[in-house]
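Here it is, the structure in full.
Order as written gives the chain letters A, B, C, D and E; numbering starts at 1 within each chain.
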Amino acid sequence: MNTATAALQTHSQHTPHVAGDEKIRISDLHAFYGESHILHGIDLYVNQGELVTLLGRNGAGRSTTLKAIMNMVGRRTGSIMINGRETIDLPAHQIAWLGLGFCPEERGIFASLSVEENLLLPPDVRSDGMPLEEIYQMFPNLAERRNSQGTRLSGGEQQMLALARIMRTGANILLLDEITEGLAPVIVQRLGEVLQQLKQRGLTILLVEQNFHFAAPIADRHYVMEHGHIIEEVPQQQLHARQDQLNALLGV
Amino acid sequence: MNTLVRSATAGLRLPLSQPHLGSALLLLAALLAPALIYPVFLMKFLCLALFACAFNLMLGFVGMLSFGHAAFLSTGGYVTGYLMINSGITPELGVLAGTAASALLGFLFGKLSVKREGIYFAMVTLALSQLVFFFYLQAPFTGGENGMQGIPRGHLFGLIDLSDNLAMYYFVLAVFLIGFGIIFRTIHSPFGQILTAIRENEPRAVSLGYNVRQYKLLAFVISAALAGMAGATKALVFELESLTDAHWHMSGEVVLMTLLGGMGTVFGPVVGAAILVAIATLFSGGELGNYIHIIMGFIFVTCVLAFRRGVVGEFGHFMHKNFPASGFGRPQ
Amino acid sequence: SQASLSDDRVRLGVLADMSGPYGDLCGKHCVEAVNMAVEDFGGQVLGQPIDVISADDQNKPDLGSAKAREWIESQGVDAINGLVASSVVGAVAQVANSAEKPILISGAGSNTFTTKTCSPFNAHWTYDVVALARGTVSPLVKSGKKKWFFITADYAFGHALENVATGIIESNGGTVVGSAKAPLGTTDYSSFVLQAISSGADAVALANAGKDFVNSLKGASEFGLSQQATMVGLLVFASDTRSIDADIIGNMRLTTGFYWDRDEATRVWSKRFMERTDGAVPTMAHAGAYSSTLHYLKAVAATGTDDGATVMKHMKANAPDDMFARHATLRADGRMAYDMYQVRVKTAAERSNRNDLYEIENVIPGDQAYAAMIPECDFK
Amino acid sequence: MTDLILQTRDLTREFKGFTAVDKVNLNVHRGDIHALIGPNGAGKTTVFNLLTKYLPPTTGSIYFNGEDITRVESSAIARKGMVRSFQISAVFPKLSVLDNVRIALQQQQGNSFHFWKSARVLEQLNERAEQLLDSVGLLEFARVTTQDLSYGRKRALEIATTLALDPDMLLLDEPTQGMGHEDVDRIAELILSIRHNRTILMVEHNLQVVSRLADRLTVLQRGAILTEGDYATVSADPRVREAYLGVAADQEVAA
Amino acid sequence: MTTILGINVFALLGQLLVGLINGSFYALLALGLAIIFGLLRIINFAQGALYMLGAFLAWLGLQQLGLNYWLALVLVPLAVGAIGILMERTLIRPIAGQDHLYSLLLTFGVALILQGAFNHWFGSSGQSYPIPDALKGGNNLGFMYLPTYRGWIILVSLVVCLATWWTIEKTRLGAYLRAGTENPQLLQGFGVNVPVMISLTFGFGVGLAGLAGVLAAPVYSVSADMGANLLIVVFAIVVIGGMGSIGGAILTGLAMGVIEGLTKYFYPQASSTVIFMVMVLVLLFKPAGLFGKEA
């Protein structure tokens, strides 16, 4: 663990941190699955180096928002600017090359590939991805099972693999969906630290999370969603003050 | 396989309000049909329809594609034919014997194949049926390429002479109704309920204590037996049994009939069989005969691109969408 | 004579493989040949129209028999022509015989139709395995080819061809040193060719037909079998000959009932045929279909009825005579015995055009070509 | 000793030289809620798979109610009264909610091979099915097609279906995974409400749930048992804290 | 001296070699299908018809355009591949994600159309394509006479098979292909242009059938139904080898050639059935095929 964070730190040195720069800007986003209208006009933004969470109850449309950014839903309208570039009409594979890495909630481990093949699969969308050795240091389980078939891993190991897979590609905008799901508490803690480190390296992160205790301390801002709308925006500073309101919204 | 099965489960059900009226009309039509249409044509259609329905029990309701059903069709035919020629039994016993033989073969196939899933199941059944084909090709009693010729239709119960086409037609219709009834009942039985569950989520069915292999095996045996019954009857109708029925093309043809009509629907295979038999008859002669393969090809392509649920499936879907109250196309 | 046609017309059905492997040797052009006969006859008989319907049997006995049954039972067909695959003919014969309708077998060659399964309603027109084997095999054995190997299509017709030929070889003092039964529709014959090579045979007989013949002969030439032994095609249609390189098939000797370029009459007929079929080369099956139809219609006209038994009797009592059937009789057993030809396939150098295929070396009179009638089949 | 409902002796499973479960001796007391916890890849799911014969053990044996079930088939184990749920929700998506439960009830009716009977004979099961649905709060959804249910309700349905078999022992694999806070509470309540007369063995990463429900915990690590005991004892064990809980454990449970 | 246990050793050697030749041809055919069926999981029943198309295009090229064998060897596979891409785009793409059975029905329809059309245009008796002059003749190996052209078939097949195997198994492409059939959307989300990749792959697989067609034209009769019966055998080879395993398909192709050859020697009647006997045995004991990974 320590070696891994150390490695992250050494990396962060040659990636200067520029703040305030808008990486994602979504306006009036609507998304549909076939006939059903899921997102009803989402507006949100994420700045360079920020970690923003999407909170909400089951079925609020958080995963759909991430998928809509990747153009992986049925149909979408509105505007999604990434790095200042409009992407609403881009096919998914071109969006990835803008430096996006998406870790889906169902993990999407490829059954026909081994662990290592799964890791090496996504093309490097940027040059400064995390080398394999570092990944294996961070997740020793993966190192041990590197030649196993991807879906033979335990539930938690698959989750690690899904996350590791996009960290390797050098993506600098991460869309993470429920990454702590099914992980042991000790790993969840470690992930929290990893995200902190990534943030320090200047990566931009949009995080969908059920586990509020995990998300709260590391986030800069929170959006709360319900029925395909964003109903609240809570900056970190106000978190404490508005805790009760949030608890009510999230049913904690 | 699953997406297909799921999308097609919307089956055709007669309107609940007048199911009896609908069936009565169909039955009446079936009884009068030979007055208008050449009876042998109708008999061929009924035999193939029964064959397709039997096949669809596996594909549409258990979600398993057997690519070896020709083996059962032909076994029914050869066994019945052999007995009719050599032992002089009555035709109803002949058909029963053919059915039993196919059931037995189905049991054997099933034992070897139901452990496999998806494409592997299809391939094991294909391979086994090729071995059966080889056996019928080489065995002395089948007449090889010439087929088993001169199978007598005999006297039903020793009384009614079936060499009359009309008498034969009503016999075939009865066999079809019995077979179809068995399938219909099977689908809508406690057993059918478990089959649906297995198709939907096999591991879950296991965890609920169902020994899914035995269910699949029984379904396979029923399907094989009825396919054999179709083959036995067909052999009587044509007084001939040939390798055509054992060839893998026949296994493919039944897939086509089922898909054309709508898999996983009760009446789909019947309609599919009607379409294929009609096309084959309409285009078998004259100028158009030269284009029969091309025409068939276009029909298949169009069918997949435009009516994926099959004729009956599309109809059920249409009714369900536009007239939800009609009771059509409800998920089974 | 007083006309008594069953349904105010004579209807002929042509049943053949139209789209499968034997499509070219009879197929849709057999329909054309039958049409030519009808036209030449004047388009009507006894003042009533003659019409021709056709169907594809796809070489499947079940389809063939079902079609024949439908024609006879529901469409008033009076006689069936074409009939290529022996298996189909057997099945059709069952149906036609019990309905007492004549079948004019123009395409098939099994000799059972005039022996084991003979019937008063069979007219076996064009050729049979005995004629082929006698015509092709016995001169070769006599000329010194004593060791024979068979590459045989593994079905009844192939077996029959092999059996008859074997009898002839042995009765002429030759021996059969080996035989390989190749599944119908085999494309690669190299393995069988090697077996033939290592058998040391000096003649290799191909007891198969159509594409099987073409592919096996190609293999033989490729692996050098043709250099070492004489290749003998037992059943070769002109359409097959034309589709093989002259280098490969040149100089082969074979037996046929018809060659278009034999004399003026055949040339005139064949020219008309080719004009109507986009230049297809007429095979003996095509010519046979024409000849048998003509003879049948003459009999209908003469007897004034389309009753099968009456017509057949008349057909047998009167010798067929046209550009195809020379020195012919339709025997009581249904065998049409006529002059057969032993021909040599021309080499590339000898050919002046695409259809210039054969040189006739010998004429085999019908009574020598065909086996004698067996008493059981003497339907007087 | 007789109140041990489930016992394993040196249960071991290897995958191509890799030992996923290593000589595990598990003892589950009748009537307990017993939690199996441990780091990812420790072998918890594999133990479940071994117990229910989704995987055959490499060596070792399993006793259920004193009977050796090591060689018994998976579906037969369910019939003997040990039923599992899955890590991902397992329902029959195209069937109605009521039919889902009926499929399970049918198992004990003994008519499941009767292909000649009308499915109407199953209607006598409706009453019992509705009772079960009511107990998990799904009665109003009885006629809904299952795939239209939300995730949490599907989990509830799964439990109702499982209960329909009236099992002596339930195996639950991460029953609260992927659920919002509300649903987690609801499931926890549900588990408490059904524990009467039953034994429950569960795998769970949510420590809140574990601390609230479990009478006894077994901690697995690298396929072997690290320690066993009640929540207080186990969570105080420094080895468990190091390998599994981390420092956040207390905070989380307190929250 | 040349016989052991009553079997002529020279003859047997010849049979083995011929089996290997046919095997290499099977391997080439199986390779195309292993990519389309094994990797893309598209059941392409038109593969046999496209093989026939390859042979016919070569023949037509020679007859109509004077295109020689060597040019045909390059151009025809490209043309057939292009047709494959067109087919994928217009027919198969619209039913992507549906059950595989639909692709079976669809491509079966395409096969019927192609075969029907060529039968209609060119008849059934087959066309003959001459062996190119440079490859005429043969060598006496002592135990048999090996036609040069057969040697050429082995050479081309093996080179193409190895190159394809290497490209797919040893470069990232194979992983993309497998991943792309499992979850195309996700793979695309990683930045891979999946639709183009699938089109090209399908085109390549089909192009291989075209190549096999050109190779076959000089030795077999070129006719509309030349691919129809081959197809089912090639499917069996891919399944025996293990779906998704390119190497498995190639090795099984070779092995089946040899096994079939030996059957032709010892019990020729069964030579068209032996492969199914092997398939039953293999699938009973190795459910995922010889080289397949179990799911």
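Convention: contacts are C-beta pairs under 8 Å (C-beta built on N, C-alpha and C of every residue); 3 or more make two chains touch, one makes a residue touch a chain.
All of these numbers come straight from a predicted model, not from anything done at the bench.
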Smallest count of steps, each to a touching chain, taking chain A to chain C: 2
Farthest chain relative to chain E (centres taken as mean CA coordinates): D
Chain of greatest Cα-centre distance to chain B: A
Inter-centroid spacing, chain D versus chain A (mean Cα positions, whole Å): 31
Averaged-CA centre spacing for the pair chain E and chain D, given as whole angstrom: 49
Averaged-CA centre spacing for the pair chain E and chain C, given as whole angstrom: 36
Chain centre separation in whole Å, for chain B relative to chain A (CA means): 52
Of all residues in chain E, the ones touching two or more other chains: 116, 119, 269
Category of the chain touch graph - line, ring, star, complete, other: other
Contacting chain pairs - touch in the sense defined above: A-D, A-E, B-C, B-D, B-E, C-E
Touching residues on chain B, where the partner in the complex is chain C: 38, 40-41, 44, 143-147, 149-150, 165, 238-242, 244-245, 284-286, 289-290, 292-293
Of chain D, residues touching chain A in the complex: 15, 18, 38-46, 87, 150-152, 174, 177-183, 205, 207, 242-249, 251-252, 255
Touching residues on chain E, where the partner in the complex is chain B: 91, 94-95, 97-102, 104-106, 108-117, 119-120, 232, 235-236, 239, 243, 269-270, 273, 276-277, 279-280, 283-284, 287-288
Contact footprint of chain B on chain C as seen in their complex: 18-19, 28, 53-56, 60-63, 65-67, 69-70, 73-74, 85-87, 90-91, 94, 155-157, 184
Residues of chain A that touch chain E when the two form their complex: 70, 72, 91-97, 102, 104, 108, 110-113, 117, 120-123, 125, 149, 166, 169
